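Both of the next two complexes hold chain A, though its partner changes from chain B to chain C.
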Partner chain A sequence: MEKRVVFDNRWLPYLLVAPQLLVTFVFFFWPAGQAIYQSAFIPDPFGLKTQFVGLGNFEYLFGNRYYRESFLTTAVFSVLVTVSAMSFALWLAVLADRVIKGSSAYRTLLIWPYAVAPAIAGVLWLFMFNPFTGIIAWMLAQLGYTWNHTLDGGQAMALVVAASAWKQISYNFLFFLAGLQAIPKSVIEAAAIDGASFWRRFWTIVFPLLSPTTFFLLVVNIIYAFFDTFGVIHTITKGGPEQSTTILVYKVFSDGFVGQDLGSSAAQSVILLGLVGVLTVVQFRFIERRVHY
Partner chain B sequence: MAEIKLESIRKSYGRTEVIHGIDAEISDGEFIVIVGPSGCGKSTLLRMVAGLESITSGDIHIGDRVVNRLEPRERDIAMVFQNYALYPHMSVFDNMAYGLKIANVPKAEIQARVAEAARMLELEPYLDRKPRQLSGGQRQRVAMGRAIVRKPAVFLFDEPLSNLDAKLRVQMRLEIKALQRKLGVTALYVTHDQVEAMTLADRMIVMNGGVAEQIGAPLDVYANPATLFVAGFIGSPPMNVLSHDIRPGRGALDPGAVIGVRPEHIDLVAPGAGLIDLDVAFCEPLGAETLVHGTTAAGDKLVVRIDGEVELPADGTRIGLSIDPARILVFDASGRRIET
Partner chain C sequence: MKKFVAAGVVAALMAGVAPATAATQIDFWHAFTGRLGELLDEQVSKFNESQDEYTVVATNKGNYSETLNAGIAAFRAGEQPDILQVFEVGTATMMGAKGAIKPVYEVMAESGLPFDQSAYLAAVAGYYTTTDGQMLSLPYNSSTPVLYVNRDALEAAGLDPDMDLSTWDKVGTALDALKESGHKCPLTTAWQSWVHLENLSAYHNVPFATKENGFAGVDTELSLNGDVQVKHIDTLGQWAKDGKFIYSGRRNEGGAPFRAGECALFTESSAGYAGVKNEATFDFDIRPLPYWSGVEGAPQNTIIGGASLWVMQGQTEEEYKGVAAFFNFLSSSEIQAKWHQDTGYLPITMAAYEETKASGYYDENPGTDIAIIQMTGKAPTANSKGLRLGSFDQIRGIIDEELEGVWNGSKSAQEALDSAAERGNELLRRFEQANR
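The block that comes next holds the complex of A and B.
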């Protein structure tokens, strides 16, 4: 049933949506517009003049090896973060769903990591994996494995993925647990009587019924991996070694604010904006269609 | 097809015992209805037979096996749930075929068995629909279909009609009965509705507070209730309960004992001409019959069921009640029936 309110006053509806529009305008449309505008210019080395270059910034970027590699890095990073954060959270939620005694304490503890700021999460993991003083690096050394993420690009990637995923697991866990508890018990029991084993029930009944939650989390996690992991990467690797953990959003920062190339940075923001827009549209067009039953 | 035997079944949650030892023998092809008020343990008992609840003590036999420790899928049963428990993301066909697919039944046979069940239940036009596109009665049929296709030894029904409206409930009740007769499968049916129990059951188990108060054929239970609870629960309006003996030539009842009379076993006569007089409070004409409500001289409330075409006594008048003393039942202080 559709519920509509008819306003007598012509201006009241506009007044009511104005605060939301204002916030969106100030914090999204304005900066996005600025980024698009600036992406067409390059400033001189002293920042006194700017010169119009049209699509020159974009041309340069796509001809740049480091920028193209950053795309690949972002893809690897966000797939790894999303898949590991979601699958681990689902596993925990399935286990927590079966716990009866002390489940609220259990749940609360699992939610805590979400309250940790990304930068702090990064520092926590950095302490544990510091090649010289970190306890886990030391343990790995005892096992004969040399850990040095400041030199090894693969290890650096593994570390930022682990730290980023760890932080997101709590959030995913909450939603998965709520999703699991919303599935009627009798449906699971009917499947048990129909002869399905636990795993069969999970894959044929529980997982499909969870798909709206899974889809929502997929969108949220990909956006998280693209943007909100900046703090983790900045504290742990600063994009290194040799740009092996420089994801697109980190490159926007390092080229713009460290390299002072504002034109290129703006162009990268525009590309990133377009990319996330396209990804989200694709997700809604092609995946969401299949999750509603 | 199989017989079921329950041997002193008990169930406790922690220290609270909710089922206090139930014994019953159900023969092959019999339709057994477990009836009782909510919270009496009837659903728990059914779920123990299904394997969805563990058994604290006692044994459940299905066929020649003790199934206490078997998983639900190993018990050769099918169950219809109160909310139907259909798989919402699957079509009607897939809902019915799910159990067969798991059992690795060949595709052609799955097709044939689902088609057969759909024909029997008049679900053929809906096989491609999802459960949310069906009405309550159709969902109910799909749930039945899912049970039928597997050809189980035992059907379990957990209040399957309570989510339907009154008219549909009557129709589905008849269909369930007809289907069970046709398939000849042993059925265990839980309900709180005594009309469903009376109409469906070959024999019924009347439960109260985790105890089987009486097991027997519906009319037998109706005519010879073993306890005061059964007398009050089976039959609508319930049996009248009077605190003093009205039979001629009898002394006072033992302390706490009561007598019971069915409303239809009372006839209206002139005041003073019957065993007892009644002050009429009001009448409820229902068409085929009329219920006369009133109070006896001793202050007991009483209902009389009379033919709908008899002239109604006016409110506030006094009438006499004629009762065949043989129809009067006596219950002791603990509620047990005493033969007198």
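The block that comes next holds the complex of A and C.
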């Protein structure tokens, strides 16, 4: 039997969702609208004068080789962060799920990095990898490997990916662990009795049953890699060397707040907005089909 | 309980008394923290105690970029401070904002206070004056690059620590000897674009940008890919390849290894003096920035880095009078001489320099006057007055990127500087468009 609450008052439902709508409007639609509006102008920083340029800002951006390359950098960075943060977290969660003694201590320790702000995480990693004074840079030098992420774009990318992923592993771990614990033990035990090995049980039972969690984390991690990693990049590389770690969101910041070029910055926000929108639609249309709830 | 009542009565009385002596509040937003912040606060409280008409309230708004952004955001909201500290690369941005700033010469003229622009060091004030000599912002903290030498390291490499290091050729010889003796870091630098391109250009009297380095108009273009600059960067690139020049980062990351005694030579701002003096456990020297001997007119003079104080538009007449009084106080030779000696920044007036000289400070701290001599040795030319380029903070970022390409060997000096000029010009055109 289906239970349904029916409101007699026609206005009450609207009233109840109004606060949420208001918040969405004030903090999302209004600024997004502003960005779209501003992207058609070149204003001076103080807002004293402004010029209408139509699509001029977009033309300027796409005519710039470094901006086009920034898309590729963003793609590489996001994929690396997402894949490494998720796979490592899943591996840890599987291990932690099997631990019997002292499991809560392990879990607590694994969750800690999530409490670290991105900028602080960046500084921590920078200390370890500082080409002059960092302990890991020193250890690598002992092994005969020269570490200098201020000059080597590949190393710089590896460092910002590691710092960003490290922070996100905790978050992913938490969800994966909860997901693992929600899988009925009886299914796994039945497979074990049938003689399925641990890996076979994992790939044929656990992983598919975990797919809602994995899908959720995929969306969250991509959004994280796109937007929240700004602090890590700002503290470690400032987008360098030679723009090799300038992801799209970092360029929005540096053009807007370092260069005071608000028109270009607004246009980039609009592009980013569209890109993330498309990405989310793709994820829900194509990947979600493969998710078993 | 009784105490509380008593305290309440006192508070009420004080509150009642306060309006009678109400001083005009002058808001001053700055970017100094730590020791510099303390010294700034000291100046402010001295001024506040010296008179009772005005109270300057100094507030830190983060680093230079953050302070500038805070000022811009506040102006847009109509909440701007009276005084805003802006770093030298933000000069063109502030100048372009004619409706947002009130030029210092105007503030001083309206206040009726004595204001003699010729009392200021031309090489310092020149950065912040119009082409016809009117001061737009008050120079506050200014420094110029010099060469720091670890004498012990030279000696260990079998060199005479008093050897002549005035030209880059001679520095090259020293680097060869250091490298041969197995030294890990013969030369490093801070602020590569500022020292090795901006100052290099001024010092050799070649333009960094057209239109008098941007002083004569926003339709300026970078000319930092000239022969002198290419030769210099090419040499540094070669040194980097040979392990004689060690790149340590875009800002002053090179300071830590130099102060720890790991690097032998270090080009850095004269304001780095206090830090080196505090931490260095070795014998060190300050030398003038080296130059290329074959270049005509070299050495000209170096240019400054640092920040100046801008007065914002839209305040009351009374507040502007207070700003003028505060600026007058800051320019006094007593305050300037102390500031110069405490921080290593340049004094902004000739009188403060003379006073420091008379006090015997330079004899006790050899090398601290080199920056001033280097800047004031010759009258500034159109190429050595300073730089006034829009989006310059970002252009420096581009230059940094391109130079990194030279240091890691992926680009030649010519390629890197051509590309820096081309990319920088794109930003200059954006700035021109926004400030037409």
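To be clear about the criterion, the second predicted complex is superposed on the first by the 279 of 293 C-alpha atoms of A that agree within 3 Å, B and C clash if a C-alpha of one lies under 4 Å from a C-alpha of the other, contacts with A are read in each partner's own complex, and residues count from 1 in each chain.
Note that a contact is a pair of C-beta atoms (placed from the backbone, for glycine too) under 8 Å apart; a residue touches a chain by one contact, two chains touch by 3 or more.
Treat the numbers as computed from the prediction; the structure is a model and nothing was measured.
Engineer: When the two structures are laid over each other on chain A, do chain B and chain C clash or fit?
Structural biologist: Taken together on chain A, chain C would fit alongside chain B, as the superposition shows.
Engineer: Chain A residues in contact: does chain B have more, or chain C?
Structural biologist: C
Engineer: Scan A:69 for contacts with chain B and chain C and give back first, second, both or neither.
Structural biologist: Touch status of A:69: no partner.
Engineer: Considering only the touch criterion stated at the top, classify A:264 as touching first (chain B), second (chain C), both, or neither.
Structural biologist: A:264 contacts chain C only, not chain B.
Engineer: Using the superposed model, determine the angle chain B, chain A, chain C defined by their C-alpha centres, to the nearest 10 degrees.
Structural biologist: It works out to roughly 150 degrees.
Engineer: Can A:193 be said to touch chain B (first), chain C (second), both, or neither?
Structural biologist: first
Engineer: In the superposed model, how near does chain B get to chain C, counting Cα atoms only, in Å?
Structural biologist: Shortest inter-chain C-alpha distance (chain B to chain C): 52 Å.
Engineer: Inside the complex, what are the residues of chain B that reach chain A?
Structural biologist: 50-52, 71-73, 77-79, 81-83, 85-89, 98-99, 102-103, 130, 132, 146, 150
Engineer: Under the stated contact criterion, what part of chain A meets chain B in this complex?
Structural biologist: Counting only chain A, the residues touching chain B are 184, 186-187, 189-197, 200, 204-205, 208-209, 211, 293.
Engineer: Could you please specify the touching residues of chain A with respect to chain C in the complex?
Structural biologist: Residue positions touching the partner: 42-48, 51, 60, 64, 66, 131-133, 148, 150-152, 238-243, 254-255, 257-261, 263-264.
Engineer: Under the touch definition given earlier, write down the residues of chain C that touch chain A in their complex.
Structural biologist: Counting only chain C, the residues touching chain A are 65, 69, 72, 75-76, 93, 96-100, 247-250, 253, 256-257, 262, 391, 393-394, 397, 400-402, 404-405, 407-408, 410, 423, 426-427, 430-431, 433-436.
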